[in-house]
Amino acid sequence: MSEQGATELIGDYQDEQIDLDTVSKLEHREDHSVLEAELVKGEPLYPHELTRDAVLSMYVMALFFFLSAFVPPPLHGAADPTAGTAFPPPLPDWYLLWAFGCLKAAWDIEFTIFGYHFFLMTAKVWGTLVQGMIIGLVVAVPFIDKAIGAFIDPQYGDVVNRGHERRPIEDPVRAAIGVYGIAIVIMLSIYSINANIAIYYPEINTKVLAMVTLFGPLGCALITYLFLDRRRSEGAKPLNDEERFDLYVDGIKDRRMQRIYEFKLNRCYQCGLCDDICPVRDMEGEYELNIIYNTFQNEHDGVAMWSCITCGMCTAVCPQNIEYVDYVLEQRALTTSGASS
Amino acid sequence: MAEIDKNFMTTYQKVATHDGEDEPIQIWAKDSDSYGGVGTDKLGIWGSVVAVDFDICVADGACIDACPVDVFEWIDTPEHPASDKKAIMTREPDCIVCKACEEVCPVTAVLITDPADIGTGTESAETVTEEVSAEAPSETVVEAPIAMTSDNTALFFHKPNKWLNRAKDVLNKEELPSTGIEKAKDMFKGIRKQTLDSLPRGKDYLALVDNEKCIGCTQCVYFCNFASIDMISWDLMARTSQFESKKALILEDTCTGCTLCVFACPVEAITMEAKT
Amino acid sequence: MSRTKPYSRTIPHPLFERLIVEDAMKEEKDSWKPERPHEYGYFPGCVDFMDVEVKFTHLNKGDADHASIAAASIKLLNYANIDPLVLDMNIFKCSGHDQLWQGQLEVFDALKEHNLRRLKESGIKIMTCSCAECYRTFAVDYDLPNTLGIKVEHVTQTLQGRGLKFKAPEDVTVAYHDPCRLGRMMGEFEAPRDLIQLVDGAKMVELENNKERALCCGVSSMMYCNDATKAVRRKRLDQGTDAGIDIMLGGCPKCYMHMQCMLNEERMNPEEGHHHDYEMMDLMQFLVACLEEGN
């Protein structure tokens, strides 16, 4: 074989590579690049979205016209603003029933110690304050979350936000608290219409409702906690090294391991910090290896996964504490041992 | 400074033999008076395929380090003016004719002759006369092969590593416990032997680079003593297994099948293929 | 579109890795007892295996000498009045870090089992390694503090805070390159820097990316040395030149090996134009060179 033959062979091989899907993928790398969103996939405003919105609006308008033409609502007499205490009493709209319930449930705070009588506040006052507190808590949740995160992981204080916006399934305590909050709002709403309920179901009197309002949400929270906790132990929890090792052996056969890491990786909210900092990705050139994205997509064509230099920068900056380096390790183990077993 | 006589197989006589590991080692001298045996100052040239002029050898040890298949060992030669030990080719049959020892010997006391050339009248070594070229990877396949002689030391010159030498000086002053070098050396030799036995070599074989494995490190280029390896530029293609800008290419016209590149490749991307 | 050739590259088998796999697969059933009890054990790692491999491949004409890292660590431990039991490779085996990260779990399993057995027989309480990868593997993957109750330290942590004194033979500017396994993965940034500060005459500068943001030296599990990974290494070496250093110090023999490989490749291909005018050394070698006379 002459030298020319060898070069030709190599040229053919290179052409063959080009014919395969890689280069065409590269040319459209915006399609699968997390950060290069020049050609954002999705529906364009015109003509797709405009047409769709126009059609839907016209449809709804048509419904209105139909209803008002053929099913007009009855118009009763005017309401009498001078009417006295009606029974059952007039209620606020359904979404404010919980506030009404707060006011109803409140009582005057006063107590006697050693013969001295202390009067703190009336029911009206703290019933109103409680509502403000509930709203305030809802607003404050992200800040509390961040503070807890900084407290739990103080050593990463200088790196990007390590806040713990965890999913309910990963933090059953906070999930239970959340469920408690929702349940108590619902229960307060129901409590607030105790008079109306008593009309139809006299056996459900205020006392019963009060008990349910007090203990019902606690019960819901407990159930949530137990339920989520069991789900955690089924496989969604982070494994320690011993368990992870055991899982390698039989996990590969029934692919439980995949399920675990994919679950952990789904915490990712595509902030792109790992991609920014990956030193291999950072290298200039026409063709850039998007290691993180490609491995994440399980595209183990032998480049992304094996080109990772396992330096750990991605793990260091991830705000969701995703241990990407360990993921690469597990994928390599799966590919190698899975293939050879 | 004297060099080993390149035509010794035709001009010298066979005067004695010495035991090698498997085969006896032939000893050559100008005449029977020029050979006195071990313990004198007249030793002559030892070996045929791997020939070392013991009268010139200064026991530098570079040949022992450079040999990929461990042909050499030390033998004591008291009363010899040049040095009191010499490098003897105990495992001469293992020689893969890579000529690494010939290149590194500082006093040019080593001469390697391909066994196929012995007995056919072409025993005298051919000197390489092509021009030395210090450029490395070119874009396309090179037309004429370039040769490397021992004048290329400039390529490898660098500022001497004085801090490491300082550290070594301090460490050499005392005897420190071993960390397992014996086991490493034994295993290394074992694997080398295994590789050597599994590789066909000689003029009927050519080296072949597996482009999937080649990482473009250029080590084979510098180890090939026949300058038969070149680097070709490779299209950098991400998302393929060849994300390198250059890879090795064996120039088949001058490859002698010595298998030195196989040993030099850090990722074992080179194999031997029969010539068709 | 169907592929005719698979893309995935088989794990490259540098000789060094093959030696370890072969060693791992050999069964050894004998039991061993050290001559006398020691509190500290020093694990040198595969420095000797690295030496026998690079002896013939790329670093033969360079200055790489890995075994001196181990020798230097032992000498420094003696200088600090510690008498470690050298857990040498005649009895122990490689920690298996590379095999774990390459995905070869059976090999890692075999190595782990062997080493755990030997460690139990050795009777040491504290293990010191001069290799950051071994340090992480023993502390995290073997989980020695929990399985055998042995505390694992890096040699810089062991030498820290013992009041050692060093004097550099001449003034030098040095920079410390944080190994990935010691820095990011185990969180140890300060101990090596403290040791460098103890050297009288050595001025320490920080590289542009340091501590948690340090650039990796190479490919730690010996996978896939391609242009992108080499570019990372070159960037790191360029940062050294920018900082104007005379020596770059690493904390792991792998860092040492990869940097030396690149420096050697640059020397062998001078027409490519890359040149770095400083030396690459391991921290232990540097400290030994700075030991005062009479020690």
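Each chain carries a letter (A, B and C) given by its place in the written order, and its residues are counted from 1.
Note that a residue touches a chain if its C-beta (ideal position, glycine included) is under 8 Å from a C-beta of that chain, and two chains touch if they have at least 3 such contacts.
Source: prediction; values computed, not measured.
Remark: the per-chain Cα centre closest to the mean position of all protein Cα atoms belongs to C.
The interface holding more C-beta pairs in contact, when B-C is weighed against A-C, is B-C.
Taking the mean of the C-alpha atoms as each chain's centre, chain A and chain B sit 65 Å apart. With each centre defined as the average position of its C-alpha atoms, the distance from chain B to chain C rounds to 30 Å.
Note on chain placement: the centre of chain A and the centre of chain C lie 42 Å apart, centres being C-alpha means. Within chain B, the positions touching two or more other chains are listed as 236, 240-241, 243. Counting only residues that touch two or more partner chains, chain C has 7-9, 224, 226-228. Listed for chain A are residues 285, 289, 301-303, 307, each touching two or more other chains.
Looking at the complex, you find that chain B touches chain C at residues 65-66, 68, 134-137, 155-159, 161-164, 166-168, 170-171, 174, 176-185, 187-188, 191, 212-213, 215-219, 222, 236, 240-241, 243-245, 263-269. Within the complex, the chain C residues that touch chain B are 7-10, 12-15, 18-19, 22-23, 44, 47-49, 51-53, 55-58, 60-61, 63, 65, 67-68, 70-72, 74-75, 86, 88-90, 92, 169, 172, 224-228, 247, 261, 265, 267-272, 277, 279, 281, 285-286, 288-289, 291. Remark: chain C residues 1, 3-9, 11, 100-106, 140-141, 143, 180, 184-185, 187, 212-213, 215-216, 218-221, 223-224, 226-229, 231-232, 235 touch chain A in the complex. Contact residues of chain A toward chain C in the complex are 16, 20-21, 155, 158-159, 241-242, 248, 277, 279-280, 282-283, 285, 289, 300-303, 306-313, 315-316, 325, 329, 331-337.
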